[in-house]
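Next come two complexes, and both contain subunit A; in the first it sits with subunit B, in the second with subunit C.
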Partner chain A sequence: MPPSRGILAVATRSSTGLPKSQWDVLPFRPAQPASFSTTACLAASGPPRKGKKAIRNLKAARQSAGRPPAPGERKALRKRVVLSNTNALEVSGLEDLDAKAIGKESSRCQMFGLPGPVVDSLRAVEAFKPTQGWRMFRSASVLWREQSIRLAQIMTDLAKLKSPETRRMVLAGEKGTGKSVMLLQAMAIAFMKKWIVINIPDAKDLTNAHTEYAPVPGTSPQQYIQRSYVANFLAQIAKANAGVLSQLQLSMQHDLSIPVQSNISLDRFADLGAKDLDLAWPIFLSLWAELTGPGRPPILFTLDNLNFIMRHSEYLGRDLKPVHAHDLSLVRHFVDHLSGARTLPNGGLVMAATTGSNKPSSPILDLAIRQSEARIQGLTGEAVPQWDPYRPGDERSLQSMADLEVFDIKGLSRDEARGILEYYAASGMLRQAVDQRLVAEKWTISGGGIIGELERGALRMRP
Partner chain B sequence: MSVSRPAQARFRAAIPIRPRFRPNFVIRSNRTFSDAKDDAKPSPEVKGPNMDQLPHVSEEAAATAKITGEKGPDLQQGTPIQEILQGDKSAQEHMPKVIKDEIKPSNPKGSRSFSTSARRPTETIPQPTTARQEPAVQETESLIPGIRIPTDHRLRQRYDPLVHQVTNLLMRDGKLGVAQRNMAEILNHLRTSPPPTPSPQRPLLPGSPPPSHLPLNPTLYMTVAIDSVAPLLRIRAERGAAGGGVALQIPIPLGQRQRRRQAVQWILDAASKRKNRGSGRGGFAQRVAEELIAVAEGRSGVWERRGVVHKLGVSARVNLNSKRR
Partner chain C sequence: MKGYESLHSFYSPLRISTRPISRRRCFQGPRHTRPFSSSTRAAIAAPEIQFDGDASGRASLLQRARIVPASPSYFTAKPEFTDSLLNLQALLRKYEALPVLAPGHAPRVAWKTHAQFMLTSTEPVRVARYSRILKVLHRLNYIHPSLMPEEVAEAMQVYKRDVNPYDKVKQPVIIDQSGRARGLGRRKTSSAVAWVVEGDGEVMVNGKSLSQAFGRIHDRESAIWPLKVTDRVDRYNIWALVKGGGTTGQAEAMTLAVANGLMVHEPDLKPTLRRAGCVTRDARMVERKKHGKLKARKMPAWVKR
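Moving on, here comes the complex of A and B:
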């Protein structure tokens, strides 16, 4: 409050019959009361004397130009995902992904376009990342590589099982090997198979203390909910799965603070939580109970950037100690399913992808991946790497990663590299003839077909 | 010197007298005056090998016409050889092949064997030469039997020359990696933005491809934009040459690399004055790319800078003859 208003307040109070202010007892009343401010603005003399240069305020001059960006506008531009380039050539003969062709061996090394509704759903769950190269091509297409086919087969087999089963896996691999795009492919398959897709696009957003958090009373260890994140999360779920959820209706009684129509469709139910921050978390739990009830479709529950939740978060607890990521309710919900503590009664897949870039240290996660590799090689006993008992470690992360299937993603094979290079050339982005020599060159330079590096080497750095 | 000397000796000249050279033709070339005395007509008794000739055909025809009372050819004007040969059968048979060839195919009307229009030296767009354009492999005998090494087997430029130059100009604090990333970002922006609509007032370089071809070849796009706005010259201020402490401005032509460098500097200046719309890294690259598009569309202020230099160059043309100190 500026000082003059404070003085005014004192004066009015004295005039309304309250105890007289100190001004009345003072021997004289100063014409101008002393300022609270200690800055030297009043002491500043007028214009500079002759021969002295005035200091120009460059910053003020710069700020005055034009309209300042609205809050969030610059970030929105940074995070914008463009999925089409009208300059790129239409690739003739490019087929859209077909539910029948998904798991077929013949679709190996082929590019497939993503159908429009699937693209909309994937966009709603933020499966596309701004760092990926979607903006260069006419339409969003993906390479069907060997591991994609394996993944598709796993999902097809899961759907065929008589007794539903929950499969849990972690996608690991070097930077740029296509882990996030593999998640995207899993989501695309799930959307086409009419599964329910629930995706946490970036675990970093949950743990970097950029979103509000509040303690959940009566929990030990103390749990925290992130209301605004969950509200947005519910909106994403409702939008992406609208086709499936609009056909499903509420079937249970839920103890909520608002009256809810008994046969409301599940997408509208999720929207209720998206609109009210206080209701977001209770409605998420109720929605989850509905989705895992009898007769519901399988669920694909995914999370990207797993490294960020296998450690302490950036939040501080009441005791001013960092909050473990597993004490954040939504993270805990995912980790329970990933570790197998909770299962999906209607079957489904719980997947997480590690991050290769901007990678926070998580020694537990590294160990878990090494252990899984050892198990795949058939090692037992002491040959399997163990945590050094004398080293202080994160026991909770270790337990949650104890028994996991690790899907190690390596570089592309040469055939697959040729498939994607031909797509680049057909799109007009790669201005070279794709022959054996070029494929060999690009494959080698990209560290043995690391697809991110392949794209960098063929398109970005050498246009 | 005594009187007893003979008379011949007394009149002997210091320079021996030679008989005067009398040509059988009249030399008039160096004469700036007329002297009837010296206009000696060749004496009829002395005849050179070319002198006993028939009159010119036109003269002959004129003489014949005069006899027959007809109107002969105008002797003031030359008669084209073709006209002469028209009526002469035997001359047509024996005329040189060059004339035969010229006469035979009757040229279509309106076509000329020579050009009456001044030809401009065409400015051509240098096609970006990239490393991927494989040179003709010339193999030479190798020291190692069985292995043939191409003659051009050496370290080549990894990038297009202009891309290389612009990358280096983008670089700050020696951070080449950042500059390369920015360069890639610029070219990607050019690839994904709609084709430019060039303005007729500020056309692109003659011979440049149609605008719709540019986005898919971003290197060429950048080359066309930079080369179109690159100045042809710079102004060197020669101090004291004009006298009175005034600098004499002298236009100096620039080489291709120098021209491009100046244009890129201007474009980078203009880009740094643009406002950053997004946040995070890559903002500057985006601004440079937008400036390049503005150049291609004739909207950029860089064109004015080029115009100022060219105008100054024209007015300072007069100073070109001044001696450089």
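Moving on, here comes the complex of A and C:
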């Protein structure tokens, strides 16, 4: 701060006695009275110096970047699933999954490539999720872990039974444990075993009110169908199971509003519904009747993000009250099979996976999982957790979740972690020697072999 | 100052004999007459003084005698201090021949600071003066403890602080019956307690897994950093309770807690852990906000009016 504040001008003389200049004028600044207040603004320094650029408004200067994205373009980019990466190394000695290896104990801790047709089918049923790390490797491969072998054995045993049986299970576990990939593995097994795979890829799409809905007349409680979703669903079923369905023909009379060729193959029959929104739901019901008719293959009926259907949906009913997710016809169809109200006459497996991320609160589901765990431990009576009778609860969800088998998915073992880390290294994505030290470190950092965290720690957060 | 010195030296025992006898008597006389009413010492002492005057008609002693100071140090202006110093020096002279400890091995004693000494003293004593007392005390403290005379110990006790901080011995942390070692760590406003036990690399933080407790991988690495740098990730299990502060603070508090627990199991790792920054508590805290500023240092923007 200049000491000459308030002084207009001073004359200075050089040592020679001559004026250095006529008047060296100092900038005038009015004396600022000393303020009693100590507020922050008074302590501010002076105005910005001359020659110093003022802060430009960057937002105003931003140019528009040409063509705006077309409707749906950004969503398509967001939902894009990339299953191969040409920059990743090809893993030598990686075998493709085959029907013989899947149930063997020797397959444990090994990586298997998914065969091409299976990948196509899995892609058609949206079994691959954009958040999973498929894009980092040359080809889609899966780790065959202990639960995978158990699952394969369950499915093999189901197919062998003389009297068909419907097995129902829920995959539960914390975020990143591989529940969705376990569903994918079940679907891959089913495709290889020529089962019919029907997959609801994300239950959230059904309940978050992003797709149209319409009431079904004459139902109580009021039911709702989602025509466009079901049409797309039928197209997925037809495409994914084309190999099986094209060999199967219509065998029953169905009361439909259009004439249908009597010996039409089932994939073409499904396509009929995919093309016509009005026909989608009736054709789905007819197709289901066909698939559960005598002499048909077993069915794998799966749903991911179960939490979203164990609560009220985002849809509003006529009375402006939220519609319970179980009143949506397709959801109800799945829940009936999951709860055991309906069975699969030709046998099969009904599976649902809970979600760990973006998890909506569903206390009923949490309770059902804890009850199932208690049952597995052999607890009975009061030791099994019960719903607090004074707490308002969702009775329908509770009933549908009673008596369910819960497949609790935990972290990988160290051997399994080593198997997948070696695969990362062989793909050139992990540039470290895979030894006991690295395995131990990654296993601990990933919270005990949580595979999603393992991938994050080893691949995405590379040092 | 010079006069003060001379006064002092005047009464020092060495020079006392060089002074005129008359002065000496003047001060020593009253000492001898102190037990005024003592009759038991009649055999060895002078006859008792008759204060009421004797038969010769002279005035009483009380009327005749000058009032004399109790201590010859009286005229030093700091009699209490001088007496104390002389007393200690006398003690030192008396016990100078006793065996002493090796240099640097004397028991650590916190002597009273000058300020603390001044609280007990009624006289103003300069720091330099007090340091002379301390110098004698340091020498006395070197006398071998097994031969420390009682009177020296008592004399030194006066100058010791009430609480000796060096007596406080840090309790050695031990591994308990279950094989657990407890470690404590702090960072910013977080504090962590970790129980380290031999195991296979499992970590629980506040009842949650490491990945659930710390979302950032960097924080997870901080939490198990002592194990990682010593290559012991798969040899110990950790069960920790962390509270306070934010995630980074909690993770870095765990670093210290785990390192402390680990050092109980393997004390030889301390140098390695120190080099890895797992031993020293980071003392940095948030800088306080000041008035007239928007934050600790941020200045407000200039406004024209």
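To be clear about the criterion, the second predicted complex is superposed on the first by the 397 of 463 C-alpha atoms of A that agree within 3 Å, B and C clash if a C-alpha of one lies under 4 Å from a C-alpha of the other, contacts with A are read in each partner's own complex, and residues count from 1 in each chain.
Note that a contact is a pair of C-beta atoms (placed from the backbone, for glycine too) under 8 Å apart; a residue touches a chain by one contact, two chains touch by 3 or more.
Everything quoted here is computed from the prediction, not taken from an experiment.
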item: Partner chain in contact with A:G176 - subunit B first, subunit C second, else both or neither; value: second
item: First, second, both or neither for A:I445, with subunit B first and subunit C second; value: second
item: Partner chain in contact with A:G393 - subunit B first, subunit C second, else both or neither; value: neither
item: Subunit B versus subunit C as contact partner of A:R74, first or second or both or neither; value: first
item: Touched partner set for A:N85, first subunit B, second subunit C, both or neither; value: first
item: Partner chain(s) touched by A:G317 [first = subunit B, second = subunit C, both, neither]; value: neither
item: Contacts of A:P345 with subunit B and subunit C, given as first, second, both or neither; value: neither
item: Partner chain(s) touched by A:M461 [first = subunit B, second = subunit C, both, neither]; value: both
item: Partner chain(s) touched by A:E453 [first = subunit B, second = subunit C, both, neither]; value: second
item: Overlap of subunit C and subunit B interfaces on subunit A (superposed complexes); value: 461
item: For the subunit A and subunit B complex, residues of the former touching the latter; value: 65-66, 69, 74-75, 77-78, 82, 85-89, 135-136, 428-429, 431-432, 460-463
item: Parts of subunit A lying in touch with subunit C, wherever the complex brings them together; value: 38-48, 174, 176, 436-437, 440-441, 443-448, 450, 453, 456-457, 461
item: Partner subunit A, residues of subunit B touching it in the complex; value: 132, 159, 180, 184, 187-188, 191-195, 215-219, 275, 277-280
item: Parts of subunit C lying in touch with subunit A, wherever the complex brings them together; value: 201-203, 209-212, 217, 220-221, 224, 227-228, 231, 233-234, 291-294, 299-304
